[in-house]
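Below is a structure I'd like to ask you about.
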Amino acid sequence: MPVERTSGEKERLLEVKDLHVSFFTPAGEVHAVNGVSYHVDKEEVVAIVGESGCGKSVTQMSVIQLIQTPPGKIMSGEVLFEGKDLLKLDRNSKEMRGYRGSEISMIFQEPMTSLNPIFTIGKQMTDIIRTHQNVSKKEAVEIAVKALAAGGVSGPPAPVKNYPFELSGGMRQRVLIAFSVACHARLIIADEPTTALDVTTQAQVMEVLLGIVRTYKSSLVVVTHNLGLVSRYADRIYVMYAGRVIESGTTEELLVHPQHPYTKGLLNSVPKLDDDKNSELEPIDGTPPNLLEYPEHCAFAPRCPMVCEQCRTQGQPELRHVAGHYVACHVIGEEVQK
Amino acid sequence: MTGKRTKEQSAAVQFIRRFFSRGIIVKAATAIVLLFIIGMILGPVITPYDPNAINLREFLSEPSWKHWLGTDVQGRDVMTRIMYGARVSMVACFFACLGSAVVGIALGLIAAYWQGSIWETLIMRYVDFQMSLPAMLITIIAGLFLGYGLVALIIAMGIGYIPSYIRLIYSVVIQLKESDYVVALRLANVKSFQIIFRHLLLNSIPSAIVMFAMNLGKAVMLESTLSFLGIGIQAPQASWGTMVSDGYEYIFRRPVLCLAPGICITLLVISFNIIGDSLRDTLDPRLRGRI
Amino acid sequence: MNSLTRYIIKRILISLLVIVLAGVFAFCVIRFVPGDPIRAMIGSDADEAAVEAARRSLNLDKPILTQMQLWFGNLLKGNLGRSLVLNDSINNIFAARIPTTLSLSIPAFTIAIIFGIFFGTVCATHRGSMIDQILTVYIAGTNGVPIFWLAILMMNFFGTRLGWLPVLGYVKPSEDLGQWFLHAVMPVALISLQPLAAVARQVRTNMLEVIGQDYIRTARAYGVSETRIKYEYALRNALIPVITVVALQVPTIIGGSMLIEVCFSIAGMGRLIMTSVSNTDYLVIQALVLFISVVVVLCNLLLDIVYGLIDPRIRLSSGGK
């Protein structure tokens, strides 16, 4: 359930402005992120939704400058964390590393391979804890144990002396969540946190994540292609396509009144409990665009059921305020303006 | 557009393109090997000299238009001896590697397919034993039993490389056996014989080819070392190894006698290694680090 | 019994089996070699009586099974037999030469491991740089340059021309450390050349593979510095499989010793192999085969155990979920 909120001013925790990220491959420049802007407020749960390859993971990794450079490169944009532009910091500087894991921590999709197989959980956690906090080994272990408990991995005994291969996939993911707790992260970015897990475990992991967000008053960004997840847990949703945000709004608004044809298509292609048994799922025609040759016009045009001549010539649509949320579409924007 | 064109290119052309994609080094290596092969085949035809003909009036002569690399202390033309030496080296090594590949692959298949049987234990423990001995020692000892001569040398060298194939094929087949692909074949009641030959063997061929190229390099090195020590090809026959040992005495007066064969060995072995590396990357980059 | 113990016991059993197999092969040498091995050893002009006496002293007149019993019985007592050619007990012959070979091969082994790891790490962490390219060429070249050729070139250059280093012979370190060092420089350098390249290559491959792994990404995502990631995490992960490659270098070093000792006229085990072959001293040859095999198998066993201790996945694996 979305976190209850007192109305009024929400403080901005993270603001991403017009981010452009490209990868330079032997085949050419892959435009992975093309002008993405979004924000996350304090104590919010934000979901970023889109199909594989739409740039959602790359965006998140760019926030903490984790992209492999080369071949990747953050071309332009700002990442303001509490007002400070993180992209101005040098990638390997102590300051930037201070943010990584401590203020902003990222949980990846593959729990099976994200932990170092030859070091104990305890060693990995205490190393990280002591990178950010000036504590003794003993104190670090205590922090680790508490963090593991918060992550729902308590034992007894707490698995500090265990090796990753001794834990199941769900437990490993919760250990990774415990990493962010141990470092008091104020913004947790979860990149497809449940994709590699079975359904029951998915629910457990999400409950743990949300419990932590509530207890420690952090914010959470969930990157996923799983709309079901999103509907239950997120306050606001951003929909991405081909490296751009094409629709955004509160969860309820977006899911009940989707505006962008892509969003509508996404919702139609997911089975719902109240669907007619005999109705068919409607996939979206066509395939995502080739990011090597980024079009000047709307990237969704080839697949859009509402496409018109203007869509192919007018350039990239900007996000416009439409009926309670923001949509990037020439056709809809025009209707509104009328 | 471009997609359609690549699909139409045959597998062979694609293979060749990938193989050479690493750059100039692979092209150079292939060129060198081809050069030696040509020299080996055409050598006896082009050269007017007999590699063993002693001509004391022209001993230790400088490289000149008459004798491109000069002559050795017995007046034999160095260039000719290099070409004949190439023949011996490459022919002996090729057949040694071929023989060891055939035997090694067969034994590897047997050991892997009948895993858990006495055959597997015997074969694999024998491999452990043989691989604990240096290659040179194995060849020398085999030579004790086989006697002298080119054929004996080929067999003796071949024995040394058998375990490398056994281990390789064994590990490849063991992995394949557990794959869903083979389990499906078994379930479909495909006969063992067929499984072994068509599926397991065919899938092992790429790795075997890579190992073959690598072993060729090692064999050339081994052969030249043996003939240097006076064990393999014996003087007065021309072999690069014997040329080095003959030429050592005159390293001041006529360094080319010693340098030329050494450089040839180096070039050929490095070329085989590079080709082997590139083959491996072309056929299956997953093997990197394992072969 | 935990899984580490099970692992070690399994390795020990396999090693024993291989050693027994080696014993059988060594046993077969003199019994299956073509020609008359006895005459080959004591001289083809020896009279019948001498030949018969020799044959009896080697138990060759007894049934095969008895021979095997006696052979293995002797081995277990540590008796390797007696050389008819050198007229001395093989144990003595070995004992005189082993220290010499060790004093060259152990430094070579150490150098190969230490510098191999160092070069391999440098290549991986400075990928594409000048150093990486130079080392890559070195590694590739070492596999191609014939060691005997390099040996004589070095002997000629450093020894004869520059006069810096003595060319032939050997001096025991106990007699004169300085002289030993001068005599040992070239041999050790040459013996260590190929193993060093092999280790460096493997370390580089492993490090490059490890650096791309997800768990390294996790460490980076939590602010661990690049230096620490490379040298504390990635290196440890990469080095574990390197133990296997190190084990493979033992026969290479022995083979290298064989060649180098002959080139430099050093009276060690390596040269003993060559002289025994040219003297057809079959008894020494079979003892050598067995000895070398046992040494290598034991080294492998040791390294396997170290591997088991270091890699927690082997130590604990059925310790389960």
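As written, the chain order gives the labels A, B and C, with residue 1 at the start of each chain.
Note that in this section contacts are C-beta pairs under 8 Å (C-beta built on N, C-alpha and C of every residue); 3 or more make two chains touch, one makes a residue touch a chain.
On a predicted model such as this, the values are computed, not experimentally measured, just so you know.
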| item | value |
| --- | --- |
| Neighbouring chains common to subunit A and subunit B, by label | C |
| Farthest chain relative to subunit B (centres taken as mean CA coordinates) | A |
| Comparison of B-C and A-C by number of C-beta pairs in contact, larger one | B-C |
| Subunit A and subunit B, separation of their C-alpha mean positions in angstrom | 54 |
| CA centroid of subunit B to CA centroid of subunit C, Å | 23 |
| Distance from the mean Cα position of subunit C to that of subunit A, given in whole angstrom | 54 |
| Interface hub residues of subunit B, defined as touching at least two other chains | none |
| Touching residues (chain side subunit C, partner subunit A) in the complex | 213-226, 233, 236-237, 240, 310-313, 316-317, 319-321 |
| Subunit B residues within the subunit C interface of the complex | 121, 125-126, 128-129, 131-137, 140-141, 144-145, 147, 217, 221, 224-225, 228-229, 231, 241, 244, 248, 251, 258, 262, 265-267, 269-270, 273-274, 288-289 |
| In the complex, subunit A residues that touch subunit C | 64, 66, 92, 94, 97-102, 105-106, 108, 110, 113-120, 124, 127-128, 131-132, 163, 165-168, 176, 179, 183 |
| Subunit B-facing residues of subunit C, complex | 14, 17-18, 21-22, 25, 29, 32-34, 140-141, 143-149, 152-153, 156, 202, 205-206, 209, 250-252, 254-256, 258-259, 262, 273-274, 277, 280, 285, 289, 292-293, 296-297, 300 |
